[in-house]
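Structures follow.
Each of the two complexes below includes chain A, the first together with chain B, the second together with chain C.
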Partner chain A sequence: MFILPFIVVIPIWEIISQLELIAHLPPPSLIFSKFIFLAFEEGVLAQHLIGSVYRLLIGYILAVSFGIFLGTIVGLNKLISDTITPLLSLLISIPTIAWVPVLLITLGLGDETVIAAVFLGGFFAITYSVIHGIRTVNKNLINAGKIVGAGKYKLFESVLLPGSLVSLIPGLRLAIGYSWRALVGAEMLAAMVRWGVGKMIFTSRMSNVIETMFLGLLIIGIAGLLLDRLLLFIENKTVVKWGMVTEG
Partner chain B sequence: MEFKIKLGNILAIIIIFIFFLFWEIFANYEIIQIALFSKPSLIFLKIYDNGFEIIGHLLTTLYRLVLSFFIAMIIGIFFGMLMGYDQHIYRFFNPLITTLMAIPGIAMAPIFIIWLGFGDPTIITIGIIVAFFPIVYNAAIGVRSIDKNHVNAAKIMGAKKKHLFLKIYLPHSFTYIIIGVKLGLARCWRTIIAVEFIAATGYGLGYMIWDAYEYLNVTIVYTGILILAIVFFTIEKTIIREVEKKTIDKWGVLHEQVS
Partner chain C sequence: MKKNQEKIKIHNIKKTFEGGNKVVALENLNININENEFAVILGPSGCGKSTLLYLLAGFEKPTSGKIYLDGKLIKKPSPNRGFVFQDFALYPWKTVLKNIAFGLELKGISKKDSANKSMDYIKMVGLEGFEHAYPHTLSGGMKQRVGIARALVYDPEVLLMDEPFGALDAQTRKQMQIELEKIWEKTKKTVVFVTHSVIEAAYLADKVFVMTARPGKVKGIVGVNLPRPRDYTDDNFLKVRGKILNLLESEVEKSMQQKQEIETT
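Now for the complex of A and B:
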């Protein structure tokens, strides 16, 4: 069912570009043969993908850890929250990509910059979702916990943390989208990065190989979609299954 | 309540002030390198000296933002509601939209530069594309989430298509449309800055930052980032908040949307 529109669109695209109705539009067959060439004959596609996934993983894991840490502190304390929230919303107004020049200057032109961009991309979304999650935990549950004599730590572990998953898990999904986009953008701009799907598009710009650009775009789109579906799957297996939120 | 919020805000302002103060002091005592981190006094001096030029960059970016956002909004809401209304159209386009939505705008830039050249056409086109997807997606979900009983009730009482649209479909999907529009605006803003990095000629905040970076003029880079933060923060807290107050809050559906 999901495939159907692609079966319709691809032949139309093929015809349009074979008849050259749109200039510089490579036909899908050419993009596909480019894919075969890069993936199997030259074998560089795997290297591009591995480079990207490696940076995404490190940056994203850092973003999740620090995001949960900061989010918990801010979520639990009203005064800290009132102080930090304006700062956070000021910082969140800066597009992740705008940090890239600063990162290039301070961290250099290589992997560190890209990883830092991935981190910044995901960090704010996760922090926000944890703050929101902790704040929206049902007050009756907290009071019930207190009445049965739960200490501060026990209360956090058994009530606040599970309660905030409602918001954290969708936040993880939102964040991986931001991180993925930041990754691609930063890879394009960081000069010393050799491998990565963003780099693949950017280097083909220099040589004007437009079918490689399209292939790169498709890979980025499909990989982004797969990451999103993976997190959606986790969402459905956890908070949706436990009945904390309805399926969206 | 009101007082508490103000106390927090005052603390926030104090913290920002202290942050700038330490930045300045550290830079003056060379604990951090001015060549890498600049310093606040240089940034404010830059804003003071080159105010008109910076406003020129800002207005160019805002022009691109407003133009592409409004085009995307009109097409997106129309097409999204159509998709929500008709099951077949939804089934056909939804996979295409979810796939294309995952592509960041900056990755499209090299291709559009080949098609449309450097400058406004490329930047505005990509702006329209990235803002379009969240709007169309949410508008479609909004219409699909309408209780069919409402529609049928209206039909039984003899509502015409025009009335169905104006009295049922539009108001009931409005919450979703606003969420989509908000996400679309934020994506449009981020993408336009990003595309300006590689596709702009001469003007735009993104161009200003990237051009300064290439000449390692860090003060202008930080100035640009500060302006980006202030501008979008202001848009978010004034225009968007106001629209939400007038619509979503008023109709009793409160959304603390994370974006």
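Now for the complex of A and C:
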């Protein structure tokens, strides 16, 4: 049903911009014809999208892997928790985009910087959600695993990880939003990056093509929405189906 | 049959919990449980009876003293014991079948054999047709049937049950007592069963260990030599019940006083 808001908003937007009630606001029809042009005639839109999605995937998968690893050991071990938690609190308050100038120097002007920004964008939300998830797993679920002979790895895989999904999945949803934002910002600043939705918006600033900018904004928003729906789908197929949370 | 052979030896156990204020849960606790015996640990709430069971399982370590199973020191949890939890502790993400089969699969038994054996136990606890259901769709009584099947399926030496019917309504509770008795007659496991229900103790036990209020130790032992299945209304049953109640009553009062002290301080 998430089509509904668009059916309402698009005609109103069209009228507002046709009547020039808001200066420089391009009408949806113009943005759509720009989309057709860039996607099919010039054919660059796919390249922009592929560039962004590729960086997003790598950075996000890294954030998920390290986030789950760090979150687990912090969630399980008091000493590690006491050491790491203050650091996490310190780092989480730094906006990802503020790291980008540093990354541009250390990692260069290309993909690596953008991927690192994606990683930093998502990493903290995931780590926190895993820490919380691990700590809230019912102790007796762990005991029930121990008594049937589950070792450390088996306990993690069969008990702790599924047990913390209730907390991890909302973390993943937050994180993909943060990562996506970091990606677009970093693409604008990384000079060697040629293709990417962020880059597309930034370069259209040079040529003053405002409908391309809006197209970029829309693509970012819609992609974020789709990614969130994907995670929502996963949530429904796991923790909702298992009765651990009610359907959202 | 190896009757009267010592299975579990609980020797001079002391368990304290550090925290805001130190609590001595168990002290000078000595219990011997024989092979194939249905032992019930009965006591007022807060007497440390569940703590004792967690020590037997190896989930917790005693502050001092030792617990032996078949003459071997219990150090950590292991599948020679099965545990039935008061809060069921089923895995919400596993179906009934998978919950039960988990212990078998960990033993390295093939998926197919695990599933077959688990099905046998599902039938035994009367849950046929629910093998692919997720726990949250089951009633409390059905959940605990899964809990019992899961603890028995890998054929442990000893079955540890921590107020397993405490979360059930009175009707279901009675029903489960009757069924557990039947299952036990079939398997003849050594059982350590924790409860605060006197009727439950009298119905199920070969031997009832009545605990004192905190710090918990054994106040008295009541042997129950009535034929099974027992009749809740039988005179001899009521006599046993009375005997246990007498032992317990002063301790319940003490336990209430302890609670009030905690509440007023």
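Criterion: the second predicted complex is superposed on the first by the 227 of 248 C-alpha atoms of A that agree within 3 Å, B and C clash if a C-alpha of one lies under 4 Å from a C-alpha of the other, contacts with A are read in each partner's own complex, and residues count from 1 in each chain.
The rule is simple: a residue touches a chain if its C-beta (ideal position, glycine included) is under 8 Å from a C-beta of that chain, and two chains touch if they have at least 3 such contacts.
Just so we're clear, the structure is a prediction, and the values are computed from it rather than from any experiment.
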item: Touching partner for A:138 - first (chain B), second (chain C), both, neither; value: second
item: Chain B versus chain C as contact partner of A:21, first or second or both or neither; value: neither
item: Partner chain(s) touched by A:213 [first = chain B, second = chain C, both, neither]; value: first
item: Which of chain B and chain C A:9 touches, first, second, both or neither; value: first
item: Touched partner set for A:148, first chain B, second chain C, both or neither; value: second
item: On chain A, positions contacted by chain B and by chain C; value: none
item: Chain B residues touching chain A - in the complex, by the definition given at the top; value: 4-5, 7-9, 11-12, 15-16, 36-37, 91-93, 95-96, 98-100, 102-104, 106-108, 110-111, 113-115, 189-190, 193-194, 197-198, 206, 209-210, 212-213, 216, 218, 221-222, 224-225, 228-233, 236-237, 256, 258
item: Contact set on chain A toward chain B in their complex; value: 1-6, 8-9, 23-24, 78-79, 81-87, 89-91, 93-99, 101-102, 104-106, 125, 128-129, 132, 167, 171, 174, 177, 180-181, 184-185, 188-189, 198, 201-202, 204-205, 208, 210, 213-214, 216-217, 220-225, 228
item: Chain C residues within the chain A interface of the complex; value: 54, 57-59, 76-79, 81-83, 85, 87, 89-93, 102-103, 106-107, 134-137, 150, 154
item: Chain A residues within the chain C interface of the complex; value: 138, 140-141, 143-150, 154, 158-159, 162-163, 165, 238-239, 241-244
